[in-house]
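Lettered A, B, C, D and E in written order, each chain numbered from 1.
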Amino acid sequence: MGNNLVTVAIFAALAALPLFAGDYWTGQFTYYLIYGLFALSLSLVWGYGGILCLGQAIFFGTGGYLMAIVTKGMIFPDLTNSYLGLLVAITGPALLALALGWFLFAGRGIGGAYLAIVTLAIAVVLERLMSNWYALGGYNGLLDIPPLDIGLFGYSYELWDALPTYYVILAIVVTLFLALNILTRSSFGLVLTALRNHPDRLAFFGFSVLQIKLVVFAASAALAGLSGALFVTVDGFVSPTLIGFSLSTEVLIWVAIGGKEMLLAAFLGALLTRFSEGWLSELFGDFWTLILGLAFMASVVLLPRGLIATPLQALTRRRRPTPPPS
Amino acid sequence: MIEILPPLLDALSYILVLILVALGLMIVFGMMGVINMAHGELFMVGAYVMVVCQSLGLPFLVGVLFSGILVGLLGLLIEAALIRHIYTRTLDTILATWGLSIALKQGIVLIFGPEAQSVISPLSDTVSLGEFSYPLYRLLLMGASIALIGLTFWLFLKTDFGLTARAVIARPDTAATLGINTRSLYRRSFVIGTTLAGIAGALVAPLISVDPQMGLGYLIPGFLSILVGGAGPLAGVLAGGAAVGGTNSLLTVWISPVAAQIAVFIMAILVIRLRPEGLLGGRRGK
Amino acid sequence: MSLDAGSLTAIVGPNGCGKSTLFNLITGALTPDRGTILFKGRDITGLPPHKIARLGIGRKFQVPAVFGELSVRENLALPAMKGRITSIRNDTNNARTTAILDQVLLTDKADWKAEHLSHGEKQWLEIGMLLAQAPELILLDEPTAGMTAAETAATAALIRQINQTGGITVLVIEHDIRFIEQLECPLLVMAKGQILKSGNFQSIRQDEQVQELYFGRTEAPHA
Amino acid sequence: MLEISNLNAGYGEVTVLRNFSCRIETGQVTALMGRNGMGKTTLMKSIMGLIPVKSGTIHLNGIQINGKETYKISRAGIGYVPQGREVFEQFTVAENLRLAALGSSLSNLDRLPQIHDWFPILKERHDQKAGTFSGGQQQVLAIARALMTGPEILLLDEPTEGIQPNIVHEISLQLARIARETGLTILVVEQNVDMVRTMADHILFMENGQLADQCSAEELRSDETLIHRYLSI
Amino acid sequence: SGTTIKVGAVQPFSGGLELFGKQAKMGLDLAMAEINAAGGIMGHPVEVLYEDNKTDPKTSVERARKVIQRDGAMAVSGPITSAAKDAMAGTMRRLKTPLFYATNYEGGICDRYLFSFNTVPNQDTAPLIPYLKEIGAGSRYYMFGADYVWPRNMFKAANSMIDTIGGETIAEEYTPFGVKDFSSVIRKIADSGAEILLFALPGADGITFIKQAEEFGLMQKVTVAFLGFAETYLGAFGPGKGEGMYAGLPLIASSEEPGVQEFVSKIRKQEGDDAVVSFYVMTHYNSLMAMKAGMEKAGKVDREALIDGMAGLTFDIPTGKARITEQDHHIAMNMYIGKTADGSLKVEKALGMIEPANQCG
């Protein structure tokens, strides 16, 4: 299975990165890993679940805010444990997704372009609401969010430095990546493909389409929430921009460029887009944005499976050869 | 009576401008299944063509004409290079045209710079109706909007062109087997949509700030109008525009602009969820 | 109307008389305005489709509805899960699947994507999927549309086998007279949303009213 | 009239038609029979240009038509009734028919009385939405619509699938009559042996994407083995 | 000459506020050129590293880290929005690097690592109110602004000043970004009986509003005090439009003062004759000049020393003297009231040096 080899190589390279990159790049890749995790969450719900959520930042931002609220002790000044924060930042968005999902999918439900626009509208509304919620910092957001404290049993170890932060986040990302891979290759993955393919038919085999959609939506929201929580501990601030339109569309570009139907490709999509953006924008100046737009267009039209997934699949092709009729 | 008339007129003018802007979007989305995220930018290009025409000293109407023609040509180019590859992939059209919108916006920044340009209103008179007065240009704009809406409806619902267009949209392959040139029909519909965007941009330019970001402000309410109204029948855009524009204008007066905007979004979300086929019914999206 | 456990029944009737609608009602795709549907004595009226399916009712659609992106084998594995999404194992290659593949003559194409099958092959695959689901009642909507006479005969044989050896109750909608004849089963004639007649093939075939409405007078009954 | 030689066509990497060759003679009703998945629909679609031809040629009256766009093929004189009818459900009967004339040539509107004569129901219900028609009526409409384009040759893909027996019979009689009266060439994919016997002058048997055999109507009537060979399992 | 002193400039060059990014760049470029022409800072040449923050807080943080950690910037200039500034604050503290923020804002900074080189409400907004009363424009106010922190704090400062002069606030209203039709609001304002519209809707939305206000004849009914107005807006309303609006600002490019004249001509020489010069150009220019002066006062190239050197520093700016406050690092400088007339912004009144209110309270 060439696929696994490629995966191992990529994560090995990521693990080795800090050995020859300085603090800046280590810090930078910490962000990229978090974005990669966020991209995985979208890939799960969109590429695998067939639910195009144009407001994925809803969950990223909610996770970020919840993490900030807990670790800044805004509700319980004594309970500022990072683990508690992460727990809340994972379950909160998942519950939100269940509620939203119930509203969107129950009964006749909506899908496709309608769902996409509705989720986008929800993201815009939430961004507005957060901007007006002064207890949560309003438009400028919450500042001075403490870094992740991975201490246990009363000891405290705050992740201020680039190197330990990087490895902790890498460990989280690798674990979740593997878990997602197992999940999508299990029979649940089969059900998801069937759901994308022919949702109406599935019910007549005894599957509750609503239940499946809710599960995948909530799982994706939990992942997005976690990535939001990690993000704010690294960045130290959370503001309505993390919940709204622009981040939602950004993650969409990463995943679309990478390849939504392939976890590894979506993850790399985030990493490579963010990474190349840095030096390409220096190289091309004002023309960079123009080029990005054109490149995005070209990738959607010419390589609908994704700029990264297409070559990766060619490299690791093994699935389901179609023998010609004999 | 006098108390209620002005806000209603304001609401009506917003609704009509909104529908004017959304009309092209409607053709392209409702009839061809293409979600054109770059529609706002085509509208913007129309306004910039107007800027150039005015700086060359051309009359306003000539500017409107040029805007329509040039943006129509741009639409032709976009169709040939981009849209025709993705007609059957609705969700991909969101992504591709979104890339296009980024590129168009940046293109304008590179040519004109980021600052706002000015377009002078051809008419600065106001007409007085008893106690209150209303800007003449706005009244004319409302008239132009009604005329263009009527024209579009006539074109798509009453003519043979419209019949063929709707057939191609419903079953492209079958239409082709009847001898209908589907490619050219798609292209013509798309070009009509973009031409309308260009004309709308030129007509609205005197009223708003003409800058590279101007497209988005209409795009989102425009989309909401279409979805609220229903994508199937063209008439949906009228109902949707009235619901979105009317709610927004009246709540702005009665409560506040922020509340109005949030209310419009929530209304749209609820309508789309509870009546996915839109206020006027029709085909339901997949 | 009512069906006995283990029976095989066919429904015929003019286009648009409500046959598919009847299936939609039974399987929960539509909710009836009035009346009740009992399955094994239990009222299933108005239950959502997946609950009804879990109670043991399987259905084949008029237009074949298979999962095009999945392989034939995976298409068969899916109904076997019976709606549970908790199992992590991905078991597509077991004895049962192999047996069903044999039964519906798709062993050669087990690893094809289902979308690459022809119309008729999809019909068979869908029947196979019903077998994998192992329901107690199977509803088949025009299972032989687009098949040749011989294929139709094979399908009829398959259905009878399912009914007799599997002990599964079967209700079939079909327009193909030969097929119905080959099923050798009681017939219900539907018209304008109601059961008009019932009886065995010969008696229905000879019925004046049904001939007028459905079979057509002019055509001589073939031997 | 229609000459197909060494045609290879299929979907993506899958090749369905392999070196398929045949001739359809002017004025004849030719039936194409074969088991499921043998490529009958694929052949129809490749003639219409709905799927690309990989190699080989299709000539209509000596003019090569493969590689052209579908609408040009239609205008060259081929009418097509697809499997599954595919009428425009949202449109009225009149609009469905008008559309066919718009696609080909407006002068074809003159054929309307003739078509109403053949299929009176279309005249009675010309303002009814096609979507509210029963399957059989939709089939009639689909045939009428194809005739409206003024074809020299009509392709029909399983026109009796899912249609109640008395209407199947009616349709086959009507088609036979039209062929007789106008000399229209017809290529019909059909599984219903009775219908083939009623209508066809010539029968082609298809197997694995190739022309396996052909015979005349008389031969078919006299020789049951052909049917068994090519249509059984 | 010694090693290069690098200054990061995290500014918007895309994303909606690129206009302001360009203004900032003009000022920074000029300051850099002048400093280097004069032999650098204590012999070290200065280099400004521009980074586009895309008008987005999280990108601002990322770019700030980049210039500090990767490029070793001594200080960072920028950004424009106060949301981005707030987002960067934690990083600046963490990386112990001063941030030179040179945009007028709502106030509230009190941090060793943050410097504000532009005005706070008591400098630019409060003086307008007694002035408008004095010239007879009235004292009944309608406040209308964008829905975020800056307008709210500006209006808060204005409200207390209105109380002092015995005026009245009829309504205070906010609007979301991106609104394209203001006719309803305009009618509300016209019917409210207000004499003055205190207006805090920056950028394109502000232009749209003023265009529509002209259309409905609102400008004849009320006097507009346009908070945050600058020369960048001129020309956007169309000829003869947007006249007679008031604003309080630290620089008016059309001023007769020789320092201003000289500054504007230097910029025009650098950027071309049609370059628009607003106070943003000057405040960003000032920030680098202050860095030079502060570092020279401290006598060594070191971030902490630089901060100590700049606190309490008095230095020259194009409009005269300026002083950085000791504790909260804000700037006291000469202020002006400007009015739009004949398509340009004219000085109506020189207010002299105004101290920023204490932000550490």
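Following the convention adopted for this analysis, a contact is a pair of C-beta atoms (placed from the backbone, for glycine too) under 8 Å apart; a residue touches a chain by one contact, two chains touch by 3 or more.
Keep in mind that what you see is a predicted model, and the values were worked out from it rather than measured.
Of all chains in the assembly, those touching chain A and also chain D are B, C. Each step here moves to a touching chain, and the least such steps from chain B to chain C number 2. Placing every chain at the mean of its C-alpha atoms, the farthest one from chain C is found to be E. Chain centres here are means of the Cα atoms, and by that rule the chain farthest away from chain D is E.
Between the Cα centres of chain A and chain E there is a gap of 37 Å.
Per-chain Cα centroids separate chain C from chain E by 75 Å. Separating the centre of chain A from that of chain B, both taken as means of CA atoms, is a distance of 33 Å.
The centroid of the Cα atoms in chain A and the matching centroid in chain C are 43 Å apart. In chain E, the residues touching two or more other chains are 14, 147, 176.
Touching two or more other chains at once are residues 106, 109, 220, 258, 261 of chain B.
Within chain D, contacts with two or more other chains are made by residues 14, 37.
Residue ranges on chain C touching chain D, taken from their complex, read 13-16, 62, 105, 116-121, 123, 142, 145-151, 154, 175, 177, 213-219, 222. Chain B makes touch with chain E in their complex at residues 6-7, 10-11, 13-14, 17, 106, 109, 113-121, 124, 126, 133, 135, 137-138, 206-209, 211, 213-214, 216-218, 220, 248-250, 252-253, 256-258, 261.
Those residues of chain A lying in contact with chain E across their complex are 22-25, 27-28, 31, 128, 131-132, 138-141, 143-145, 160, 231, 235-237, 239, 241-242, 246-247, 278, 281, 286, 289. Interface residues of chain D facing chain B in the complex, by the touch rule stated above, are 48-50, 69-71, 74-75, 80, 82, 86, 88-91, 95, 98-100, 102-104, 145-146, 149. Chain contact summary for the complex, chain C toward chain A: residues 27-29, 48-50, 53-54, 58-59, 61, 65-71, 74, 77-79, 81-83, 85-92, 108, 111-113, 116, 129, 133.
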